[in-house]
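Each structure below appears as structure tokens.
One chain, subunit A, appears in both complexes that follow, with subunit B as partner in the first and subunit C in the second.
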Partner chain A sequence: MIQAVMVISTLGKPRLLKFYNFQDPEKRQELVLSIFQLLSERPEGVSNFVETDAIFGPGTKLVYKHLATVYFVFVFDNSENELAMLDLVQVFVETLNRCFKNVCELDIVFNFNKLHTVLDEMILGGQVIETSSEEIVRSVEDIVGETIKHNKPHTKVDFAALQPLIFSSHFQDRIRRTLPEEIRLAFEFISSGLSVL
Partner chain B sequence: MASSQPAPSTAPSLVDTLFQLSLDDLVKSLRADQSAAGESSAVARALSAIHREIRAPDAATKAVALQKLTYLSSLHFAPVAAHPLAFPAIELLASPHLPHKRLAYLAASLSLSPASLSLLPLATHQLHKDLSPSAAAPAAHHLSALALHLLASPAAAAAPDLAAHLAHDLLPHLSRGSPRAIAAAARVIAASPSAGVPVLFKPLAACLASPDPRTSTAAASAFCELSAPPADPSPFLPLAPDLYNLLTTSRSNWALIKVLKIFARLAPLEPRLAARIVDPVCQLLARSSAMSLTFECVRTVLTALPAHDAAVSLAIGKLKEFLAASDDPNLRYLGLLALGMLGPAYASTVNESRDVIALSLGDADLNIRREALRLMMGMLDDSNVMDIAGMLVSHAARSDPEFANDTLGAVLAACGRNVYELVSDFDWYVSLLADMARSLHCLQGDEIGRQLVDVGLRVQDARPELVQSARSLLIDPALLGNNLLFPVLSAAAFVSGEYIHCSKDPVELVEALLQPRTSLLPMSVRAVYIQAVLKVITFCCNLYIERLNGSNKELDLVFDELAVDQDVSRESEAEIRPAEADQIVMPSTTEKDPSSHKSIVYMINLIEMTVGPLVQCKEVEVLERARNLMGFIHLLREIQEFKERNVSDQKKTNRVKELVKSMQTVFAQELSPVYVNAQKKISLPEDLVLNENLAELADIVCEDDAPPSTSIFFCSRSNPSVETRDEPAVSVGSSSLLVEHRKRHGMYYLPTGKDEGDTNNYPHVNDPLLSADNGSMIKDRSETVQPVAAGKKLKVARSRPKVVKLDGEDFLSAMMSTVNVPKETLSGTGGGVLVGRNAKSLPSLKASDNSSERMGNKLDPGESSSQQTQNIDADIGSSWTTKHQDYDKEKSTILPDSDGKEARKHKTSSTSGHRQGRHKQRERSNTQPDVAPQAPVIQDFLL
Partner chain C sequence: MGSQGGWGQSKEFLDLVKSIGEARSKAEEDRIIVRELEYLKRRLADPDVPRRKMKELLLRLVYAEMLGHDASFGHIHAVKMTHDESLPLKRTGYLAVALFIDERHDLVILVVNTIQKDLRSDNYLVVCAALTAASRLIGEEAIPAVLPQVVDLLAHPKEAVRKKAVMALHRFYQRSPSSVSHLVSNFRKKLCDNDPGVMGATLCPLYDLVLEDPNAYKDLVVSFVNILKQVAERRLPTSYDYHQMPAPFIQIKLLKILAVLGSGDKQASGHMYTVLGDIFRKGDSASNIGNAILYECICCISCIFPNSKMLDAAAETTSKFLKSDSHNLKYMGIDALGRLIKINPDIAEEHQLAVIDCLEDPDDTLKRKTFELLYKMTKSTNIEVIVDRMIEYMISITDHHYKAEIASRCVELAEQFAPSNQWFIQTMNKVFEHAGDLVNIRVAHNLMRLIAEGFGEEDEGADSQLRSSAVDSYLRILGEPKLPSSFLQIICWVLGEYGTSDGKHPASYIIGKLCDVAEAHPTDDTVRGYAVSAILKIFAFEIAVGRKTAMLPEFQSLVDELSASHSTDLQQRAYEVQALLGLDKQAVGSVMPLDASCEDIEVDRNLSFLNSYVQQALENGAAPYIPESERSGAVSVGNYRVQDQHDTSAHALRFEAYELPKPSVPTATSQASVYLPTTDLVPVPEPSYYKEDHQIGRSQPSGSAPSGEFGAKLRLDGVQKKWGRESYTSSSTPSSSTSSQQAANGASNSDGGAPISSQARESSYGSKKQQATEVSAEKQRLAASLFGSAAKADRKAHAGRRATKESSSTEKVTAANAAPQPAKEQVVPAVPPPDLMDLGEPVPSSAPSADPFSQLDGLLGPASASPVVSATSAPSASNTPDLMSIFSDDTGTTSGSAEPAVGAQKGATAKKGHSLQDALQKDATARQVGVTPTGNNPNLFKDLLG
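Moving on, here comes the complex of A and B:
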């Protein structure tokens, strides 16, 4: 099974952590740190697997991808195939790319819930339940649309149309850079469901 | 937030609610100050706000607070106690509002811990409701998905009750073939087999045969997970037909990989299975284009179908493709991994790929390097060990420090395995060890040092080369600055002292051991160096005396010169150092004969100059050994004094001979390895009453037995030896302390001569058997010595504490203890071994008894003796004595009734550490029945 999924920035900050076996909250930070140290020592252009017997117990490996400023890390045991896991990391990254249009670290930082939604569509309890990135994106859109509908029952705005704009990283980046108040409003609008408009 | 309910007074105010920070606000505030301090203060501020908000009556405020808390605890490791997070999460599970519900489920599945399990039963009903298909709401499948996620979360896995209650609720979802339900069912079964298996196993098995590929894939994954070790795969054998069907018909690589994994676990259980699956597996192997599936097929064939040659050769073909994938390090890594799975039957295949593997040792990827090293180690046998180990060691010199260390460690472990089973050419191995020690950043110094000593002990034929290698290490002043090498240098010093007879140039060795940079060594290693010098000088003197046996004239010459030197130093105390420095010039550089009198004079002067200052060393080990060495040298000179007093030449010469010979006997006995369990094999004599002190011994024996993996343990210098070396200080202090000490050492150092009568109230273990086993032991001994010389390899692992021998001061017990204890004898004759040792050492004991008696005559605290010792005091040079008066005063004050005269005697006689040793030995050899009468004797001698 898959033991854990992590997204760690190249500065060592965790951006997404999901453990499928119980890990003591106190121990999680140590795990992230040791994984990060392991990965940061590895040069470019080497294999994507690292044995993690010392960190996650005997027989465990991790597969990672280093993209831009983040590491995507999947930890798995000997019930999984190494190359299949490598494909799965690719599926995850592709899915995020579809969801966020050229995903960057900021998208991951600011979309805690959505990231978990994507992951939950792909893996349940350490088992892979979906490997097609189209399917995952469809389910995620469905859930996000549902959320917006629930949060704004009386509004006349077409949220479904607005949603790609709001979730697009370009839009977010632009308003984040230029208009801090507006971005605040925009995020309020999405997350807490105020009828601002 | 849009809640219209008026907030109760206890709840957060409306202002709180209105201006509640969203999760995005929180993320931004955390990012505003990236420093650790700024971040932790932002987290603390946010936490205090959250703790207020989470008590809000309206669900929206609570949900946002919960979301923030989940975020903080998940990614910022905020110290969130499980309880405050769990309760609102469970509260919100019941919310009719789907987004809130979603947040609550996320919080619960991320953060619930076994500590908050007491709350999980509160969620059972809600889970049951969300799982039930009767919920006709449009978002029903979302709800059930959420519930399944929580059911499969790690927290739920720790709550078997929850799984037991909800197992039935999974059935409708399983019959629909939902992959989520299948994965959750696997978790439920794993969490609570007793409740899960009866309800869920059959529906899950039915899913395997489902026409929907998603369902069958999920079911295969589930069974793969359930059959994973440490679980017993045998209950899954009945699924073989369904799995076989899947193997032959499925188009999904995911499903095929999982099925192959299950079959790999089932094949060893059912012999017919392998024959059935080998064809489909080979077909997959031949036609699949997916690397993941190909690799899984290779793995299955190599691990589960090794008997099917056609399949294996097909797999090896694919494996070589992997190895040849120069552009993909992943495939190369997996190829090496698969190569490691090949059984010993296909060792030739691994050997064929040796070039690839050797090349991989230099790969940029640590994984590939490690795997290659592992394979290299697997390939080692006695025919190629020289090639491979030599190649690895030279490779280690070029690789990065970490991997170099791994390599050296692996080589040491492989070559040292089973008492150097693989090594046949020990000259080569010894020089390899020396090469390893010289490689940069070598952290294996301890192991290299251990093996150097061990090889010396076990392999007689390797000793000349060993001494040669040790010499090359010792004479290199550059190595002395490298603290990683200290254990190696220590071992080198030990072997060159111990096997000095193999050395070509003892004089050079003494120079190396006393070179100025040895001051960089830690004290424990310096002590070994000094001890080695003592052995070398003893050896050289003995050689000299043997050579000149009968020709007293020349002998006189040496000691005349020594005496002259002594006179010089006495006369011009202030100029001792420069005078000696001038004198200490090797008479002629071509003079290499260690037994020439010039060499000996040179060495003695060198020792006096360099070791002399160390007798004031604060470190007891160095102090003690330096004093031993200086004492020996001064004794040589002191003998010269007799001549001046017109003692006859013959007598003096005899004394010198006697002295040197008896010192030589100290080191003449060969150290041998002793079987690690030797102690255990000795059966307890029935009449032995174990005193309570022996309980401690039991602990120690247990500790010693703890690492049985190493067949030999070489007693480290630190533990027991320290105690032995402390002896003089302790014994001089108080006779009762001495008795106590003897008692302990009699107990702890089993091989020492504790049955010499100093064991006080302890019974003589072997007395009844003494005469009986006398001869047998000698025979045994000769039998065991034989194979060492003949077969080079000593298979039987033996070790013994060599503490006493290393000390050199306690030579009686050293002789007692240097006896081979063969394994067979131990098991066969049991308690007779100790007896045998007694028997064997009896003659030498007598001899040494005599010699110490004679020495005792010489040193007895009679009129002449005290005079003589005072002379020595004067001779030795004032600095040495005066500096030590502090010590002596301290020692004498410990004694209760020492008057001034006694104290003065004590002062004089205790200046030479080794002489105290002699006194003790003599005293011990006087087989005294009990302690009480012994005490005054000690005082006579020591005070």
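Moving on, here comes the complex of A and C:
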């Protein structure tokens, strides 16, 4: 079963926490911290799986996706298929993208209750119940009783957090690869400073 | 704000998020949230807040809690909101409750009623919300309250509701299988649901059920295969496609279920081959989800009854994974390879290079997975390479959890496949050097035992060469800073035992090194104890061969320091060293024989050397001994005190508990009444035989030589009691302390005439020997499984028995004056009989017992607070002061030699098994066979050393 779904910003702030086995608040922070440390140490271009025996107990793994300024993390035990979980992350992100149109970190922060609704339609009690993002969006619309509007929050400060998750990683990679070192550093400095929410 | 429409938050929330984002430090962030929480507390308690606003406040509260702050004051408001009529508010309430509390929380009871009501709602959205909440919040006790409704919902017209009802039921089953066991058949029924989504959801509970009892679901194999076939053939509506794959999650779940059902079942597996082949053929290795299905197929094939065609297909797909550029696929490939080599080890051959590549990969996950694979495919031919790699990796990582795991794997592999002993020692050195504190202490003891026992069957030369190379390597390693404690213990022990044996290193050099070790670890009492004992041994060996060893100043200061140590154990060791240095060559040689760590230590457990003294005392008009069962509480405080001391010596920290006479009397009484048939002790006609009765039990009152089977029976008794009730355990050590005195006497004063050994006793030893033979077969197997040389243990056991025989026969020689003294019983019953059984085991070391005695001395007051060295005799002395005189009269050097002997035994034995709780059992059996003398009673050391 799936043990937990987390969305953590690249600065280590929890954006969404859902544990399918209840954890008390202190434990949650601990887990977020250890997962964040684990993920931030991983280099680019490696596999999306990490074994988490030391954090969640024997046999547990996590799959993560680093998109723009957030990590999407699914923790699960060995009754799930790693590659399938990776696709489930994809389903989740795609669904969010349908709900928010070019979903970005700010959407996640301000609408975490909506993320919970989406997740509840995908996963119930740690088991996957729906994997079609169309179907999920439809049920969410039913629940809300209205068609989802694609509105964006307006804010003057935060460029990094406005990066659409789906495309941003390519964008960042391109910047990293093509720009001279000083500019890249400056860019990273600015984006890290701005993406603080 | 833009995204507010139906979802979004107010400006206040935006401001909150923004200010948190702009916070410069964690403290500032905390201040902001604390302020927010105060505000929320005020507003939530305000009855005039509009409901819509309440929802927002609640979400802000959830947000604050997600950031790690206590929001418990608002939980009740969340519960209240679940009662709301409006669906968005109700949902928010359920969401908040589910995030705040779990099913064990007190507030849940307030939600159960709401859930019950909502499950009956006409609005299916409300029902869905309630089902989601139920799967989260309904605990074992509340299940009956909602179960009927949930079962009814399985037939709900809306498939979304049916799906959630199935999952809720599954959740209930996970929480409490017994409360829904009668409904399990519903899962089977729902497998035939019209809606593929509901059917897919049903697979989750069925998978759990199949895992628990595959046989009960064998009849479904055909159905599962059919479903899988239909799904794979795209019979489902296209809305179930995901990235052009038909319902991949359903396929994966089905494959998992089939893997369990087909495991070891040829017939069931037969149904699966066709569909598995189809899936392989159609497999889409371009998309991620396609690979997920292929991987699941490989898992399934590796679990079910093997089919060569299927295995070929699986191997082919695996090699595709391994050759892929994607790290994810490589990872899956390594995992799949690990599964396949269980069936056919040859598959790994062609992927050697790919595996090596993965080993070099910067990706840690992939590396670990590869090490796991290597671990599975280790053979005696490749062990060296694999373990070298593993150690290299182990050194490079910092993650303690994984370091410990890989260290234990190295040890396991090395023990299993070591090509040579030299290699084994070197490997162990590396493991201990880099992860010593993370590996099981048992491993350290195995290593010491291995070095001590040697490896070559009868080849002493190879053994000594090995030892000297171990000594060399340890002397070299000692230069390294920061060695783990357990490794230092091994080093000290080996240096003490074999440091000077090859003559390459002068004693003073080794002693200097050991002093350095003790000095460099002022807080590690265990290491210091090992170091001091090692020094003691080196001195003893030097004295024994007649060399004079200069006292190094650092050694002198070390001994001075330790003599005043807070640790009584260290104190005792220090005093022992000093005492030993004052002895002559012959005495030292007998208390501390060279290379005798594998020899047994024979114990005169009946204190027979005191017999003549006791008789003398009786003739002089002393009162005969009255067993405890005969005594009332007030008769002799002194005796009780002895009893107390004995008890305490086993567990020093329990001194207070045993100080009162009352608790100790009943235990002693019960034991005594079982084992002492006669209450009238004085006129015993054949006391020397009586003692034998004592050992073998009442069934043989004549006291003739006991048969082996009696001995065996007896032995089991003793063992059982030793590991059984607390009272026996606590009383087991006193016997060993007294017995060690005996042994000391026996060893050093075999010509003194004091030790008495009767024919009967000799025969009892005989029976024990037979016993030992029985155990040794088992022991051999153990040794074989650990080190691959069964004969060794046997050899040592024989040697041990030989030693036993010799020592007992010497005693027999001196036992000419086996005087029949009733007084002997005076001494014997003081030691609870179960201990007598234990004494049969050849290795009581006095190290643990001596220590508490000295502690006890302090407690008893200055009168008996004699130096630690003589502490062992102090208790008996305080009881019967005349005992001391016989020590000095009869045995000449008694107090001089007996006590160092105690120390010598300790030196020889305690070093190996210091405080090893986990090695306890093993040591006990080992001792029985006489394979290794190890320190006993680890509990005690645990108390002392923490």
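Basically, the second predicted complex is superposed on the first by the 145 of 197 C-alpha atoms of A that agree within 3 Å, B and C clash if a C-alpha of one lies under 4 Å from a C-alpha of the other, contacts with A are read in each partner's own complex, and residues count from 1 in each chain.
Definition applied: a residue touches a chain if its C-beta (ideal position, glycine included) is under 8 Å from a C-beta of that chain, and two chains touch if they have at least 3 such contacts.
The structure presented is a predicted model; accordingly, all values stated were derived computationally and were not measured.
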| item | value |
| --- | --- |
| Touched partner set for A:Arg42, first subunit B, second subunit C, both or neither | both |
| Partner chain(s) touched by A:Phe22 [first = subunit B, second = subunit C, both, neither] | both |
| Touched partner set for A:Asp53, first subunit B, second subunit C, both or neither | second |
| Touched partner set for A:Glu134, first subunit B, second subunit C, both or neither | second |
| First, second, both or neither for A:His116, with subunit B first and subunit C second | both |
| First, second, both or neither for A:Asn78, with subunit B first and subunit C second | first |
| Subunit B versus subunit C as contact partner of A:Leu86, first or second or both or neither | both |
| Shared subunit A contacts, counted only where both subunit B and subunit C touch the same residue | 13-14, 16-18, 22, 25, 28-29, 42-43, 45-51, 79, 81-84, 86-87, 109-110, 112-113, 116, 120, 124-125, 127-131, 143, 146, 151 |
| Subunit B-facing residues of subunit A, complex | 1, 13-25, 28-29, 42-43, 45-51, 77-79, 81-84, 86-87, 109-110, 112-113, 116, 120, 124-131, 143, 146-147, 150-151, 184, 187-188, 191-195 |
| Residues of subunit C touching subunit A in the complex | 1-9, 13-14, 17-18, 20-22, 59, 62-63, 65-70, 87-88, 91-92, 95, 99, 101-103, 125, 128-129, 131-132, 135-136, 160, 163-164, 167-168, 170-171, 174, 197, 200-201, 204, 207, 239-240, 242-243, 248-249, 252, 256, 288-289, 291-292, 295-296, 326-328, 330-332, 361-366, 368-369, 399-402, 405 |
| Parts of subunit A lying in touch with subunit C, wherever the complex brings them together | 13-14, 16-18, 22, 25-26, 28-29, 42-43, 45-51, 53-54, 79, 81-84, 86-87, 90-91, 100, 107, 109-114, 116-117, 120, 124-125, 127-132, 134-135, 139, 142-146, 149, 151-155, 157-158, 196-197 |
| For the subunit B and subunit A complex, residues of the former touching the latter | 1-2, 20, 22-25, 27, 31, 60, 64, 67, 71, 73-75, 77, 80, 97-99, 102-103, 106, 110-111, 113-114, 139, 142, 145, 148-149, 151-155, 157-158, 179-180, 182-184, 186-187, 214, 218, 221-222, 224-225, 228-229, 253-254, 257-258, 261, 290-293, 295-296, 329-330, 332-334, 364-368 |
